[in-house]
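Below is one structure, written out as structure tokens, with a few remarks after it.
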Amino acid sequence: MNENIDRVDNPIIKIENLSIAYDKDKFAVKDINVEIEKNAVTAIMGPSGCGKSTLLRAINRMHELYPQIVTKGDILLKDENIMDMSTIMLRRKIGMVFQRPNPFPTMSIYDNVIAGYKLNGIKLKKNDRDQIVEESLISVALWDEVKDTLFKKGSFLSGGQQQRLCIARTIAYKPDVILLDEPTSALDPIATARVEDLLVKLKKDYTIVLVTHNMSQAARISDKSMFMYMGNLIEYGNTMKMFTNPRNPKTEQYLTGKFG
Amino acid sequence: MSSATIQYNTRSDYRKRKNRLFYWLVIAMSAITVSPILLIVYKLIIQGYKQINWSFFTKVAPNTLEAMTANAQGEVIPGGILNGITGTFLIVVMAAIIAIPVGIMIGLFLYENQGKRFASIVRDISDILQGVPSIVLGLIAYMWVVKPVTHGFSALAGSVALAIMMLPLIIRSTEETMKMIPTSLKEAGLALGVPYYKVILRVLIPTGFSGLSTGILLAISRIIGETAPLMLTTLGSSAVNWDLTKPTSAIPLLVWEFYNDPNMANLIWSSSLFLMGFVLVLNIISKRIAAKQNR
Amino acid sequence: MKSDKIFKYLLFSASFLVIIVAAGMVFTLSSGAIPAFKEFGLKFIISNQWNPTEGRESYGALPFIAGTVITSVIALLLCIPLAFSTSLFIAEYFYKKRVAMFLSTMVDLLAGIPSIVYGLWGFYVLRPFIVELGLSPQGYGIFTASLILAIMIIPYATSLSSEIISMVPNDLKEAAYAMGATRLEVIFNVILPNARSGIFASFILAFGRALGETMAVTMLIGNSNIVPTGLFQTGNTMASVIANQFGEADGLKLSSLIAIGLILFVITGLINAIGKLIIKKLA
């Protein structure tokens, strides 16, 4: 076991011997063992092609979209193997936000927020629905901006607002974990700052795992950081410690910009 | 000026003149290309408007005796094309009912299986189907429906022939529309734990709705004017008919009947005008929808 | 997940249906044509008999194959200069300008006119014109039919050609202009060589379209079941003989008509396949 990978006090997700191949022998993720801390922000960083998005998407089983992808190893959510759950249950507990903001274009802002319930056919009483929508939009600091246009389609919103709407959509469904795949790389700096503040605020109630190609972002908002390189997990621990005192030479090279 | 320079100038003058000539040739040819449509529409309007009145839409086609008497007295021919309008409606709606769901399903299949061998084969076959002459489709529908199923000419047989014509168009437009929807939308739906088929039905298809409707409208405008396959399948009828298993009239069939009967000459233009107008309107509507989508 | 499996299976079955329909078409046409081929053998294809009298029935497809091919070839020849010019107009000379959009829309409208309307116009306008020119006593014949056919296939040739022409990379053209070439020279020395196969494919597809045209041709060709020997002679095509004689046909005659349908199906299928193959090679 890699000594540069720390154990965690309160793990909510355990990844054991995880390997993912896109195509027979080309392994994008190689034998990863790591634990994700509950109610913390964990950043996964590394150069392009290191496997960080692949790893993230394994957690909510998005790879099943593509039958040629082979996954070995186990992932446990609260000690339950995610392969033993239905994807419907799993994705109720683990939500995902994508790089490009993608509110559903044919639905109003209101319907977008409760899309998780609506599309899954879960009926809610109107009061409950209204409450969920309001709370979620307040949590992402969008409520004041859209409360008068809730029933309009969200296409007039700016990129940053759309992304916060997508986050609202995810938390409305009340997951335990929120996965984010480079959530701010398509946003301008001001929108990025607002999303980052939001994530720090949200970790109180949710576990946040985010993939980022921007190490300053990792330094800014994450409690724990993972550094991946060529499919391997090189180092994992407290962000502060890793940035000031990286243990692995590769980590240090990355953090000092010797390669991107 | 030296002689070399003079030669150079003449040569370049020659090239410039050739260039200009070709330019005007292209313009002239393009004008020629466009002229038939202007001439045809003009002819249709000039000759056709006379017969278009209220009863044009509400009465069935007159028989030859009525027409002959009216012509002899210099009157407008009584009657209209009601049986054609209802017949076309019946046949086209039935064809759409057959072709649209199947076409969309196959389009979705192709979208989901990009690059797979079986999907390529299906796509190629769909392309081949698109090139089959409509008269051959009429033959096919005759052998598949008229003889064994309805034991006689019928609206259903016509619908089958037209449905086969619509199918490749709907398949292609569905696949193209779906491909234009960003994959992140599909992933967002899946990430919310929504089963795949629901993501398709409740997120992707509504998002691609205008593209799908454009394809459908264009397919309908394509088949509405078809005569040949109907000649072999629905034959025609002098009365309004809503029974799928019986012969039915259709607007193009009526035009053909009028053409073959010297007494009905005047009705030819009005019915053709109506037919063309309809096709034009469908085309314009679908272009509008497509334009709105691209905003 | 179970619902997904059912859904995927449903889509698969629908696709399989297309294959069955296509195979069914081949099968039906072939089995319908067998009686004719059994009776006349392969000579059916080259026989120019068409005698429906009882007891001495003899049918052959040659006049119709000849008529179809001749009218379509002439139509293509007439169409080429017009379609080529129009696509140059749209894709090169006035590319993306309003007038090109207008022309493009007009050409699309040409494609939308039903065949029977073309036939009517050909009958009431073109035909008397041909008679006036003294080219033919009644105006029917190969030439008139080919002429209307040419107009009908122009949109198919034009739309694909203009797309191909507009895709020729700008830097190639600019290099030629920079050397002082005139527009004409750029067209024939840069654009044409580059777009050659695409334009060729568009003409093949237009040709395929012409082969299968029924109504307009029926109304103008004269419907005589002989192999035409002159440009202004009357003739017949595979599509129109089927349309005209189908009404009371049965037995051997019906089978012969179906056999002609099969031949038409095969010819158009081949031509279209060749055209699509060329386009695929381009992509």
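Things to note:
Just so it is clear, A, B and C label the chains in written order, and each chain counts residues from 1 on its own.
Note that contacts are C-beta pairs under 8 Å (C-beta built on N, C-alpha and C of every residue); 3 or more make two chains touch, one makes a residue touch a chain.
The structure presented is a predicted model; accordingly, all values stated were derived computationally and were not measured.
Centrality by Cα centroid goes to chain B. Annotation: B-C is the more contact-rich of the chain pairs B-C and A-B, by number of C-beta pairs in contact. Of all chains, the one whose mean C-alpha position sits at the greatest distance from that of subunit A is C. For this pair, subunit A with subunit C, the centres built from the Cα atoms lie 56 Å apart.
If you average the CA atoms of subunit B and of subunit C, the two centres end up 16 Å from each other. In whole angstrom, the spacing between the mean C-alpha positions of subunit A and subunit B is 49.
For subunit A, the set of residues that touch two or more other chains comprises 87-88. Annotation for subunit B: residues 195, 198 touch two or more other chains. For subunit C, the set of residues that touch two or more other chains comprises 1. Residues of subunit C touching subunit B in their complex: 1, 3-4, 6-8, 10-12, 14-15, 17-19, 21-22, 24-25, 28-29, 32, 81-86, 88-89, 93, 103, 106-110, 112-121, 123-125, 151, 154, 158, 182-185, 187, 205, 208-209, 211-215, 219, 239, 242-243, 246, 257-258, 261, 264-265, 268-269, 271-273, 276. For subunit B in complex with subunit A, the residues that touch the partner chain are 182, 184-185, 187-195, 198-199, 202-203, 206-207, 209.
Looking at the complex, you find that subunit A touches subunit B at residues 60, 62, 65, 87-92, 95-96, 98-100, 102, 104-106, 115-116, 119-120, 166, 169-170, 173. Residue ranges of subunit B in contact with subunit C, taken from their complex: 15-16, 18-19, 22-23, 25-30, 32-34, 36-37, 39-40, 43-44, 102, 105-106, 108-110, 112, 118-119, 121-122, 124-129, 131-136, 139-140, 142-144, 164, 167, 171, 195-198, 200, 221-222, 224-228, 231-232, 252, 255-256, 259, 268, 272, 275-276, 279-280, 283.
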